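Heads up, the next two complexes both have chain A, just with different partners, chain B and then chain C.
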Partner chain A sequence: MLLNYLKLALKVLGRNKFFTAISLFGISFTLLILMLITAFYDAEFGKNAPLTEKDRMVFLGSLKLELANPDTVWTIDSTLMDGQMAYDSTFTIGEDVSSTSISQFSYDFLNKHLGDMETSANQTFFSGGHDYDIFLDNRKISIDALYADEEYWNLFDFEFVAGDPFTGGHVRDASPVAVITTDLAERYFGSSEEAMGQEIELGSRVHKVIGLVEKARTTAPLVAAEAFLPLTTIEARMLEDTDFHGNMAGVFMASEKADIPLIKEEVSSKVSAVVYPTPEDYNRVSTIPMDSAEMFAGMILDQNDPAKALSIIRLVFGILLLFFVLLPTLNLINMNLSRIMEREAEIGVRKAFGAHSGTILYQFVFENIIITFIGGVIGMLLAMLVLYLINDSQVLPQLTLRFNGTVFLYSLIICLLFGIISGLLPAWKVSRLQIADVLKSNQL
Partner chain B sequence: MIKHILTLVWNKKRSNVLMLLEIFVAFLILFAVFTFAIHYLRIYQSPLGFNTTESMLVYLTMEEDMDSVAQLEMREQLRREIETFPEVEGASFTSGIAPFSGSMWSWSNDDNGFHVWTCIYPTDENFAEVAELNLVEGRWFDQNDLNGKYPAAVVNKMFVDEYFPDRPIVDSVMQIGGERKIVGVVDHFKYRDEFEAELALTFLQTPLHDSDLRSMQIRLRPGTPAEFEQELNTTIARVTKRRDFVINSLETQRVRQSRSTWIPLIAGLSICGFLILNIALGLFGVLFYNINKRRAEIGLRRALGASQSEITSQFTLEVFLVAFIAMLLAAILAVQFPLLGVLEIPSENFYWSILATFGLISVVVFACAFMPSRQAAGIHPAAALHEE
Partner chain C sequence: MLTLQNINKVYRTDTIETLALNNISLSVGQGEFLSIMGPSGCGKSTLLNIMGLIDEPTQGQIEVAGQQIADYNSKATARFRNQHLGFIFQSFHLINDLSVLDNVELPLLYRKVGSAERRRLAEEALEQVGLKNRMRHFPSQLSGGQKQRVAIARAIVGRPDIILADEPTGNLDSVMGNEVMDILLRLNESAGTTIVMVTHDERMAKRTHRLVRLFDGSQVQ
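Let's look at the complex of A and B:
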């Protein structure tokens, strides 16, 4: 039965080549773009190494210091009563924030106030965004380095190509060792095989390469570095500075996802309990801990409240994506309607020989799914080509887009939904045709 | 004529509703993308106000425990040594708030008797020359201003237009983080992003001992080879006795910064292009089929003496009317955005966008309807009537 439908579908496709070409163009390009969006989304926000466990993490954003004073606002209303001016005054006690300072945390602050968490299973403090320029045989090599403690490697599951992460011993002794990405190894040493055990000059120190990792495919600064160094090899003043602000970030790992609100709560309350040493400068200390979705939303949208940024992004992208899919679907429905009406005579005959409306409905939906799948295959091939071109041209240098299993699965689901939705209405309409009318007005 | 066609459209309302819906949705998508495109491209058009070519930006690091005398000496030595290179035209110190750095410092107060909000850009007396700023009034601050009664400042034209219009601002003293004497006005300075609207801005003259001056902008002679960066690197490392500073090319920074807007903009516009093509092809196919189904009607009209062009215009107008109704409905929805002011985009951009969308869809619909209509109208009445 299905084989018959398949044969029929292919035959129909061949009959009206113009319509088929338009349908296939619409389907394949729509799916191509949906696949590109999924690939991009997966690379940037997906659960890929080293962020496989991101759903169990709480990320520290920035530390906000404020000087807030009570502020009385007087409002005076004047009205004309019996020819006389009458005044009515009301006041509200609000708040006036006269000074605000937002930056990352200092190591001292993190260690003192958030080093001992009850609700989190594990935690890491690190400092990213250290750029070093190195000149090697007249070539400039820019390196983005990140200083971290040993727990960093337990939270973020980097794919080690060779060697091992640095250990607690390395961090304690401030050993000049480094874990670098294969990408950097190729640029610095010429090939990643030779890099192990060699020395790399970063800042004023020379570090020995003890591990090679794959570069993170996302642009999230907490993992997107090229060289990872023990936290204690950072300049001493960054560790000793007792100022609240510094350039450290922190991530807490929950033992299970349900603990995330508890960790957020503990972080917020511990931070707001801290008193700034000179209250005349700042009298309020606060931070907004984020879960992974909120952190990524904050990366895209510059919002003070990451939860709000997330909901805005969801809304905007949801509407855009809906409209974007709706349009080709409508187009396809419109075309399918015209196409199917061409085959009224065929349907009339089939019905006259006893086919049920249901059978005809199935047949047409099936045919449509076949077309969508052919379009899907073309779209997928195009997607692979375009992904290759995007990666090759380095338009997005920090991102590597991949066509992986997840994207493939999503694409299949998209194809199926697309086929069913765009085929259902025309098929339903045609399956309800009256036999007599159709046979009377059409020639076979 | 229109009334007659309206009746025709109404009679076939069930087959027209899908097309109506399609054009409605298409209008809204195009409107959204065009609004952002027009908004950003209009900002992009306004000048940056400074020259990014042949410029280097150095993010310095300095020991924090140096006293101000040591800092002053180190900066002076650094500038002197860099300026002695024959490849260098000039060097100027700025704070971490440098072009395309993403940093911003703003200051707002009503100490002047009226509300003033301005970006602050601390820098030294060489900056106008190094960045090639265009002064429209007054002068840039110089060494002598450091000894003046009030520290000197230069504002941009935007600042004057917003807070001091139609009055001479040069030589007036204003409260901008302390009393400052305004000595000049530059026409533009859009330093954060080519795609970010220019804001009111004040350049504060900052003495070289100030620890805020953490970066350096250097202008090179045209044609300086890229290898010169290494010489620069060794000199800076020797003077500051540190290695963890970064040298960037300003032009590269500009391109990189703009890319974060260009990529979504181009992606959005190409998706729109694809959607338009998709709709055009689909519409063409459907109209081709539908109009050809009405051969009998065409034959009859032709036999009764209607000319080819009359029939063509009837069919084209029928389709166009449906499209027009759809666009009108969508435009009513779209016009709510500027009226309600939900987005921080100047409302004229919305109106331009509605106009552009309207024009584009009209052209597409017209082209897709005209060709099948023209072809169908060309048939011979006898042939059409005979077939039926």
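Let's look at the complex of A and C:
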């Protein structure tokens, strides 16, 4: 039966080529957009290396210092009572924050106050965003470097192409070694094969390349660097500075996802218990520990309230997605309805010979899924082409979009849903037709 | 085989009520070939549709192959039509996008019949109407007579108890009309299939066992 439906679906497509072309264009273009969104979403928010375990992580980005003072507000109302002026006063005790300072953590602060967490299984402290410009053979090479401790490699599962990560020994001895991305190796050494064991100049130091990793396909700064260096090779003052603010960040790994709230709570309580050395400058210390979704949302919108940022992003994405799917779906429903209505007599004949409404519904939804899948294949090929062009043109230099298994699976689901939704209403409508009426008024 | 009792059919619009069938009671025996005649608009096709369970009477009872029919829209009625009834229409109603073979297989799609068996039965039905050599053709490649023969093959492929034919020769010239009539008579005689046929053609009606005449929705003969 399905073969019969398939034959018929293909025949119907071939019958009105102009209509089919418009229909397929609409479907493939919509699915192309959805697939691109999916590819972008997967690259940025998916559980891909080196952030495979990000669901078990708590991220610490910034430390907030505030000088807060109680602020009493008096309100005095005046009125006339028996010809005499009367006064009624009320007061509210609020808070006045007269000074705020937000920045990343110092190494000293992290080490001293968050170095012995009870609820986390593992943790790493690192400092990213160090840009070095190297001039090599009359070329300027800009390198984004990140300094980290040895635990960094246990939390973030980079794909090593060659060599190994630096170890606790390297960090302890401040060994001038480096793990670099294959992209940087190609730019700096000409090819990634020749990079291992070579020396690379970063700042005032020369580091020996001991490992090669694939570049992280995300914009997340905590993994998006090109050169990874032992934390102790950073300028000494950054490690020794006892000020609270610095340029370090921290990530805590939970044994299981359910422990994330516990880690957040422990971090918040430990940080808020810290007293600033000069309370007349700042008398409150706080931080916002974030899970992975909140961190990405905070990067895009509001660093100070990542939970709210996440809600806004979800809402905006949801509305955009709804419009992207709803409008073409409504259009397709309309087109399908007129296409299916042309086949009223066929429906009459099928019902006369034993098809019931459910069978007719099934047939037309199936046909629509076939058409959607053809549009989906076209959309998929277009998506692959567009993804290639986006990556090749470096429009999004930090991001490598891929059409991988996850995107393919999502695309299949999108095709299926799109096919069912846009076919269901027209199919349901025609399945209710009365046989005698449609046979009387229609010719095949 | 088929019994109608006090069948009334009224078509209603907002302002007009039209009585299409008026108290029709009729019985068709096993193996009988019955023709229904009457002027245009007298209710012939409506009566045939009611017999074929593709239209519902306003009043009255209908019994087909020993079974009382109550709900015309149910899944069970669809299955009943599929098992017991075959249809031939004046304008053939073949699906142009399907080959002759696929058209003939249509009633079997709604039964639990494997594809090989479906194909064998469809080829057999096409052989009976002399069109096995055209099974790969499409309806648009056939003449009117050939189309109606394909429609007959489709009607008989499921070996129904009753064939309901609505002016099967109405769109054909006399030669082709006679060919189609010959096939129907042969089916009736050799396989004992009960046939009810609506026709305008007196000559065709005379070749059947019994004639029922309708006038303004009432049975006059």
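Just so we're on the same page, the second predicted complex is superposed on the first by the 434 of 444 C-alpha atoms of A that agree within 3 Å, B and C clash if a C-alpha of one lies under 4 Å from a C-alpha of the other, contacts with A are read in each partner's own complex, and residues count from 1 in each chain.
Methods note: a residue touches a chain if its C-beta (ideal position, glycine included) is under 8 Å from a C-beta of that chain, and two chains touch if they have at least 3 such contacts.
This structure is a prediction, so every number in the text was calculated from the model and none was measured.
By the touch criterion defined above, A:346 lies against chain C but remains apart from chain B after alignment on the C-alpha atoms of chain A. The wider contact with chain A, measured as residues touched, comes from B rather than the other of chain B and chain C. When both complexes are overlaid on chain A, the residue A:324 reaches chain B alone and has no touch with chain C.
Once the two complexes are laid over each other on the shared chain, residue contacts for A:203 go to chain B alone; chain C is not touched.
In the overlay built on the shared chain, the residue A:337 is in contact with chain B alone; chain C does not reach it. Touched by chain B in one complex and by chain C in the other is not one residue of chain A.
Within the complex, the chain B residues that touch chain A are 15, 18-19, 21-22, 25-26, 28-29, 32, 59, 64, 226-227, 229-230, 233, 242-247, 259, 263, 271, 274-275, 277-279, 281-286, 289-290. By the touch rule above, chain A contacts chain B in their complex via residues 18-19, 22, 25-26, 29-30, 33, 130-133, 135, 138, 140, 142, 203-204, 237, 320, 323-324, 326-328, 330-335, 337-339, 342, 395-396. By the touch criterion given at the top, residues 45-46, 49, 52, 54-55, 73-75, 78-79, 81-83, 87, 89, 91-98, 102, 105-107, 109-111, 115, 139, 154, 158 of chain C touch chain A in their complex. Here chain A touches chain C in the complex through residues 1, 3-4, 7-8, 11-12, 15, 345-346, 348-359, 434-436, 439-440, 443-444, going by the rule given at the top.
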